[in-house]
């Protein structure tokens, strides 16, 4: 095995023994018009305070021959069509604690009580002198779900530029064990920090539809007919027929997502930038569309739960920092920018892979995989 | 940025610029009774020719404080309960081509025809002199799905010790463009190599239920009451109440999977061993169970579509080979062994994380995240 | 064909030609502790102002031998265990209009605008002099969903004792065509009264989880061990093993609902009382639980979207009125009572059918179908 | 209450007390080209032995003003476009028994064994001298699903012109209690006749995709531009935009079905003809498509699990027989014809309701509901 200095990694994992290295390609530029956002207090509504255009190179950690070139081709078609436009629609991360009672009556009573406690809980989280509370994890909403003798309580937070799973774990634990324990009108049989409605690392319809685990982002581009023909070597008609087949194929197989291959781009960006790779599946939930408009084809992808960070966790490792820096996404205040770049890169690959598939018999898709299949 | 020799990676990706490195922990041993399997010709049925026990150390590429220790604790509880038992139930990978017609009548006619062509197609794939055909990708079943004016054709292959997406792409393209084009009784308006019923990198119910994209594997263990108390610091009753809450929470939120955090273990093993990280989401589809039995609690996890390889792709990179070698999973003939080890490691983490969550108020889960939250 | 006077039906349908008659059984009494509810203005929160117990006979329009007896047996087991308790958790009906633009940017702008218009829209609906507006359909929430170039707008109403599809259609149309058309900051390419997020007569996860199409109701009962043994001829252990198998079987097949046969009871009550039978599928979405508690087994069923009325539509027909009257559910002010009775009746059948299935080899289920299979 | 003779109903339900009557409209003719089918032995493959055209009037039991007229309008548009074409793709009804063991190893052993027993079980069902066995319910496939310590066994039957739930219950019980009990290599802890993978009266992805609970039927029509304009008062472009919005709205809300309002037509036909109304939900699972083709718009609806009968159960009641006779669907040998007529009627309503919704602001949909909202 190749020798490598393990010093930068000693705090990252117990039982540290070595490393795994993944090659990184850099492609671009992606031409993107990005929104600039801030959270409004105390409800955490996203406010778009402006928009600006930028050219960005993206790092792709991957071993899949053809991926880099294909994503690049998609970005060229977009650039020749006026570039991407990206939008952040929502920002939340959820911990869903569960309170188990002996019957539904108590669970319903508890739900009615806790639903009215949001302002008190916010105050308590800010003021309480409890070890481990995070001031960065701000409670935005409480929602309950009563089924059988249990009440699930969905605490929705914002967590700044971190994904924030540790922060919200600590705050939710404190709410359950101190605040709720002291005030609840009915005593639960059991309290669980998480009862599986929280959407962490497992795909669910709730979070596909409404977000609540990361950033809800859309990237779009109106591809011009000329760019479709010259850069993508296909046509609006061929792309629409593919969309017809692909959408109904997805529905027929009960696919969670209407898209082509978002996980490919997202995994490559996640590894390069030190994101939590266990979140590739949930972050890749995607809803893509294609609509014929005047002069071309409007294409878009909605990523309802993109779980990205520019501080904390793996983003602090040396490689991750440098790749984030390449995109001007290192450190505080950068997470919405980064989320939008990931969405634009994902759409780049969607465009190019779809175009390859749309050609007669999918000849161009086949050729790419035949000639550039990569390591064999 | 740290200097690193890029020579081993030049064939892995275009636009190669650097690397990303992830720290790797090694934990174990996991005590596992594994099945030994072979495929029967020509139908590709899995035959279990024997079972054997082994002690295995697993490499976990991760930056999540507490992960390694937690997985280790689960493996200890299992070891003190007689170890894991693993089973491979199915092995397939699917390419779902789509044929679009002007109406349903033609699509139905086409479906009836192609469903009877399996033996001919198998012969043709073996004998045809067509560039790019893979002999390793063996066609096992053809299934059709007619909806509206289209017929999706699901080609199910086995692909040896590789995941095989490139192989099955080449063979399916040849079937569509040569075999089908020559013999079809009705001419399609369009042919697409993939129409989104294939289950590649996007989660779907079809592949959750029946498999067809990778190995369908189950790992199980009957935890003894004593091990639950001493190693896991909880009880059968507490674990069953958590299972009740977690199962209904999953159903309530439309979660695809009934499980705790399979993606965490799978992502760590995938990065370390050069698997396709874009497949973490689909490979982490999981169906876990817990049932009180004489003397303890039977726990299990079913991974319907674990997409792993021991040859080809990223597994050929230097780090990946060495980590595969640690588990005696390098190279040909090892893929079923590797799939079973991944399932056992995943169940190890499920056991330990569930136990931490099951304690009063989930105190132990909280403490693990508070004290070992990792890089901040 | 039997002669029948068609006079009472002349306003019910165009092209009136005859009738269809279904035999009705009456069983009971069901012993139920019901909640009494009212809506708080202006948000439409349900307030439980009291609880009261009652004995109710229910009419079951059916031709399925064994159904009436089985439901009766479940009600006896419940009665010997202290009766049912029922709860209404939510009351809404949704029309989801859709606004299509040329791109996502406009759709996002539109969404941000309309989300703030709720108070204005409420005022407008109350005060506008527009033909066809209904004062009974009160707008409670507006939610938007932006995907691609479209913005779905989910108008959630309460509609008194009617289901109210016509009312909310008229009010939503007026909102779209007058209020929105006058004030929107961006002009849509198309406006559709319903864009398929509204949950009408097609099952969806959104409405399974959160309700929004009818009443969200739970019925529960804690079955005593003695009643389980004597009336149901089974045991807590057998019922829990069945629940284990049935829950995981439902998950394995991608079943929308964790339950046994709620549609059977709901269809029988819907036909008898003139409900919209096209809503049997959505109204039967169900989430059942069973948990061992001190002295017995707590069982419950959650019907998230029970679409019932006690005024309007088919409830005005002669038979329907008389069967509603039997339950003291005829006319205004009765809809929450009726919803709770339907839930209790549904749980009665769940209990009895589960018990029959839980016996060794499901012998009692088999016998019931063998001996009372009904018309052959 | 109206007096009515209860004699015809005495065998239909216990605790018979009265009837409920629903008005029936008759509309048509629907112009349909139907397939003629037979089952091939022993595998139960559907063979289309011919096709024939017919004009059919359909009975609609309903109280929804506008339904009859709307369905009629759809049938006129189809008639002016060459009529409907219908296809039956599959015919099965499933009973999914479940065998619970102490661990996965036994469940897997059991699965491997029973999967090879299909020919023996077929012989046994034909030859065994066991009370209650039905010769009409023919076993066609066995499929297993192992998860945790249980093995679900999906017995797929054909049942002639009946839905056949009682038949397959009896045959499956006999298989489990006699055949399996005698030969199984491992003894189960519990045997359940049904473990909830059977798809009875609860919607699931398995049966949406692959059928297996009733007839899988498609109806299609290629609407001519002229008929769209004159009869439906809309255009291909407007219909395609609505389809775009409606398909993505369905996906966004996690809707099981891509369609408009199939349950409305199916409920009306089910009540009129004595079908099991508890099956309206599952029978209404639907996958609709619309594709621009030369000269018009190809529209279709796929009903994967239409549970209809022309003999047995409620079809034997006087009203039901007469309404079945109107369509030449009474008695043996008529079930495929009836299934196709239901599909064509369902598509008629889909066409007309979609057209009303597609007009500017959905004006025509609004007007229909305003003017013909029915009983208020």
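A few comments on the model shown:
A, B, C and D label the chains in the order they appear, each numbered from 1.
Just so it is clear, a contact is a pair of C-beta atoms (placed from the backbone, for glycine too) under 8 Å apart; a residue touches a chain by one contact, two chains touch by 3 or more.
Keep in mind it's a predicted model, so treat the numbers as computed, not measured.
Most remote chain with respect to subunit B, judged by CA-atom centres, is C.
Against reference pair B-C, the listed pairs C-D, B-D or A-D yield one interface repeat, A-D (criterion: more than half of contact pairs the same by residue number).
Separation between the centroids of subunit A and subunit C, computed from CA atoms only, is 35 Å. Subunit A and subunit B have Cα centroids separated by 22 Å. Multi-chain contact residues of subunit A (touching two or more other chains) are listed as 145, 147-148, 150, 205-206, 208-209, 244, 247-248, 250, 252-254, 287, 289, 291. Under the stated contact rule, the graph of chain-to-chain touches is complete, every pair of chains being in contact.
Here subunit D touches subunit A in the complex through residues 205, 208-209, 244, 247-248, 250-254, 258, 287, 289, 291, going by the rule given at the top. Subunit B meets subunit D in the complex at residues 48, 85, 87, 89, 102-105, 108, 111-112, 145-150, 205-206, 209, 218, 220, 222, 254, 287-291, 293-294, 298, 300, 302.
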